[in-house]
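In what follows, chain A forms one complex with chain B and a second complex with chain C.
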Partner chain A sequence: MLDTSKVFEAISISLHVSFVSTLFAFLLSIFFGYLIATKKFILKKYVVSVLGSLTSIPPVCAGLIVYLIISRSGPLGWMELLYTPSAMIIAQFIIIFPIMVTLIINYIEREYPQLRDELISYGASQKDILFLLITNQKGIYLTTLLIGFGRAVSEYGAAAIVGGSIDHVTRNMTAMIALETAKGNILIGVTLGAILISISLIISFGINFFKNDD
Partner chain B sequence: MMINLKNIQYQISQKTILQNINLDIQEGKTTIIMGKNGSGKSTLLRLLNQIIKPSSGFFESNLPKPVPMLFQKPLILQNSVIYNYQILKQIKKHQINNTWFEKFDLLNLSNQKMNSLSEGEKQKIFISRIMSFDQSQLFLDEPNQSLDLQSEKLLIDLLMKEKKEKTIIMTLHDFEIAKKIGDYFIYLENGKILLQDNYEDFFIKFPF
Partner chain C sequence: MIKTKIFFLIITLFVSNTFAKDYIIVQSTTSTANTGLLDLLSEEFSLDTGIDVRAVAVGTGTAIANARKGDGDVLIVHSKVDELKFVQDGFGVERYDLMYNDFVILGPNNDPAKIKDKKNILEVMIVLSSPDYKFISRDDYSGTHKKELSLWEESGLGIPKDSSYIKSGSGMASTINIANEMQAYVLTDRGTWIAFQNKNNLEILYENDKSLFNPYGIIVVSPKKHPHVEYEKSNKFVEWLLKGRGKNLINNYTIEGQKLFFTYN
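Up next, the complex of A and B:
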């Protein structure tokens, strides 16, 4: 028997956690992406290289790292974040931030020199340049946002380790699919799987739409 | 003299782009910079307009800061034609002169998206954008690129009028156009000035 209230709860937890982690990762990606791409500093090459490598960090490893930090004996254990949605947000952030910031660095490194030279000749301020850099290719930023959200919402390993799949609290869609399938409740698993695939498809269409729009 | 360069070098990432550049740009004259692809024409133009600074050598200019210039790959804003055209007005906060926009017959394209236009139409918008701002110096990097013959002829006619009252510095590949417009000519090869002279002497000495 399909318990719709549980399904909606899992969808709501997934969307809430993924939305918050994506939003934080996006805002920090713009800030750090702009700084890293436009400023010269020692070790810049290595910072970009490390971020590039972290784009493929296995989610379980990200979950493990967050677990070690926020578990009772970890350095942030006193914050009592383990098995809360906040812990899932942090873990998802660690997975998607390198991806989003790398995409933004690549875009700004490609566009900035030309845009800066011409706008400087127009007498533009650094604020004008930043404004046009962000508004000129809105599609790039929206695509980055969608890629980050898509990765966050479909992720299982990290959120399961630090979230603990607690009913009504941290049991998101992916955790519920794994749990219900293991229990033999295939219908719930399939329903949630179909919803997750639909979200992925919508994101895919969104990315293509913004690509074409640019 | 408007701009004076003595023994200028320009390097980027340890690669020498310009070397041993000695040059006087005269006020009120039209100076044409020519040379093959990769010879350093665009870099020299950007250096003359103070967009980039020389790595070494003496540089002196009457201009206190860069002036709006036409780049070889100009800024395309993902928006309407009129937005791209008026962006300079928004930044400079000045009234703009629409003469070139109208002469190039661009009014009917005003509300179209930039990415729906041909390369030639875009180039006319970029040229009009620079010409919309009244300035007595023009820095133009290959202004005739992508233009059809009719538009190129119109560009030459318009530049012939402008040169009477302005200092023009431009890069060009086309010798015929250069001969029509130019007063002083510079030929670059591998970042060095191979030849520079006024109209009469340049084309007598020019060995190619």
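Up next, the complex of A and C:
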């Protein structure tokens, strides 16, 4: 019953989309996280609070917002992004960026003041401090990556709305689970869920392996 | 450095989709997707012509709304009144009869409401409107939901207001799953039911009534309203379905030896 080539296809779509969205969200989280945590500016408290509240954005809402923007009648309709993996990447980015940036802000806010006083007395530049913040505690960044990826790869609502669950193109693991369950193939749905968790487990092991390198 | 790298990453992310769009988007219903027909037709058409078909399966109401916004090239749905209105409003070029099957009423096999021996569908609806029997409605403006609404209206009683009338808000097969769990009655198209894999003790309790006819129409979205529509490729697809190999594929599509959809001659 379970067509393995379709499963592999869904796995590769899931991994591709979630890797890219996690990578983007991670790079921008470091950039903005560092800026927000180290600079003083007006409304800073509010920016941090808003980002914090966005960590609980319902995936379906994120999907709808992206849908309105990239629909043919939306402002970015001409880019033909709807029902493509890129659309799913954008939607997942919106879901996981607030989570990742909040984690990183928290970490830098905790470590930075102490590190700065110490390092500036040695004549270190801002760049060196940023570099040290990243290399000093790889574990925290790896955990952030893992949390972001886990959220991205497991969500269904957003990717389904903007991806459309199209065979071969945007039907990722969660869309396939939903479709098979809808067809009444509940056992296949559960099997696919188990495969998805196994993949996450492997990735988690891999990341923890690096973490223990410190 | 990092900035330029990120910039190029973003560019490659988008360019891969923007160039050379060699596909058409078909907005269609959950019944054609849950039965597997849409996937089969998409694959075969792509083999025959090299044009990919990206099929989006939502309810008829959503499909039409999406097509109105320009998010689709072809529409395959089953609510003739809405289809004709879509064309009339200038969003579609023309509506063609694509295929048909029929609706049936499912329920628990002990048939507590005794609808099996009713003379016509309106009598069935009158019995099912009673608070004693659960009925699950799609409630999503799909073709099946609209059919159900028109049946309630024809029965003269209107939509039941009591708690035995349950609104699922889900696709066809998900709704049958719910009917299964709640031992309720439900209206479905026959194709979805045949393809459904979790039948348990549900079965067809009422069928073969003239007013349960379920025609599917196909419409190409008008390039006058949405200039980006892949008009020629879409017409090719429609022709392939109405006269070409697509028609045979629909006619020969069976699950467990049963035909799901029929084409017109």
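The rule we apply is simple: the second predicted complex is superposed on the first by the 197 of 214 C-alpha atoms of A that agree within 3 Å, B and C clash if a C-alpha of one lies under 4 Å from a C-alpha of the other, contacts with A are read in each partner's own complex, and residues count from 1 in each chain.
Everything below uses one rule, namely that a contact is a pair of C-beta atoms (placed from the backbone, for glycine too) under 8 Å apart; a residue touches a chain by one contact, two chains touch by 3 or more.
Not measured: the values here are computed from a predicted model.
In the model built by aligning both structures on chain A, chain B fits alongside chain C without clashing. More residues of chain A are touched by C (comparison of chain B with chain C). With both structures placed on the common chain, the touch criterion links A:L132 to chain B but leaves chain C unconnected.
In the superposition on chain A, A:E80 makes contact with chain C only, not with chain B.
Rounded to the nearest 10, the angle made at the CA centre of chain A by the CA centres of chain B and chain C in the overlaid structures is 170 degrees.
Of the two partner chains, chain B is the only one touched by A:D117; chain C is not. Legend: residue contacts after superposition of the two complexes on their common chain; A:D3 is shown touching neither chain B nor chain C. The least CA distance from chain B to chain C in the superposed model is 24 Å.
Residue overlap on chain A between the chain B contacts of one complex and the chain C contacts of the other is empty. Residues 114-115, 117-124, 128, 132, 136-139, 214 of chain A are the ones that touch chain B when the two sit in their complex. Interface residues of chain A, counted against chain C in their complex, comprise 20, 24, 27, 71-73, 77-86, 89, 164-167, 169, 179, 181-186. Contacts from chain B toward chain A in the complex involve residues 46, 49, 51-52, 65-69, 71, 73-75, 77-78, 87-88, 91-92, 115, 139.
On the chain C side of its complex with chain A, the touching residues are 2, 6, 9, 13-14, 16-18, 21, 25, 30, 33-34, 39, 42-43, 54-57, 66, 69-71, 170-171, 173-174, 176-177, 195-199, 226, 228.
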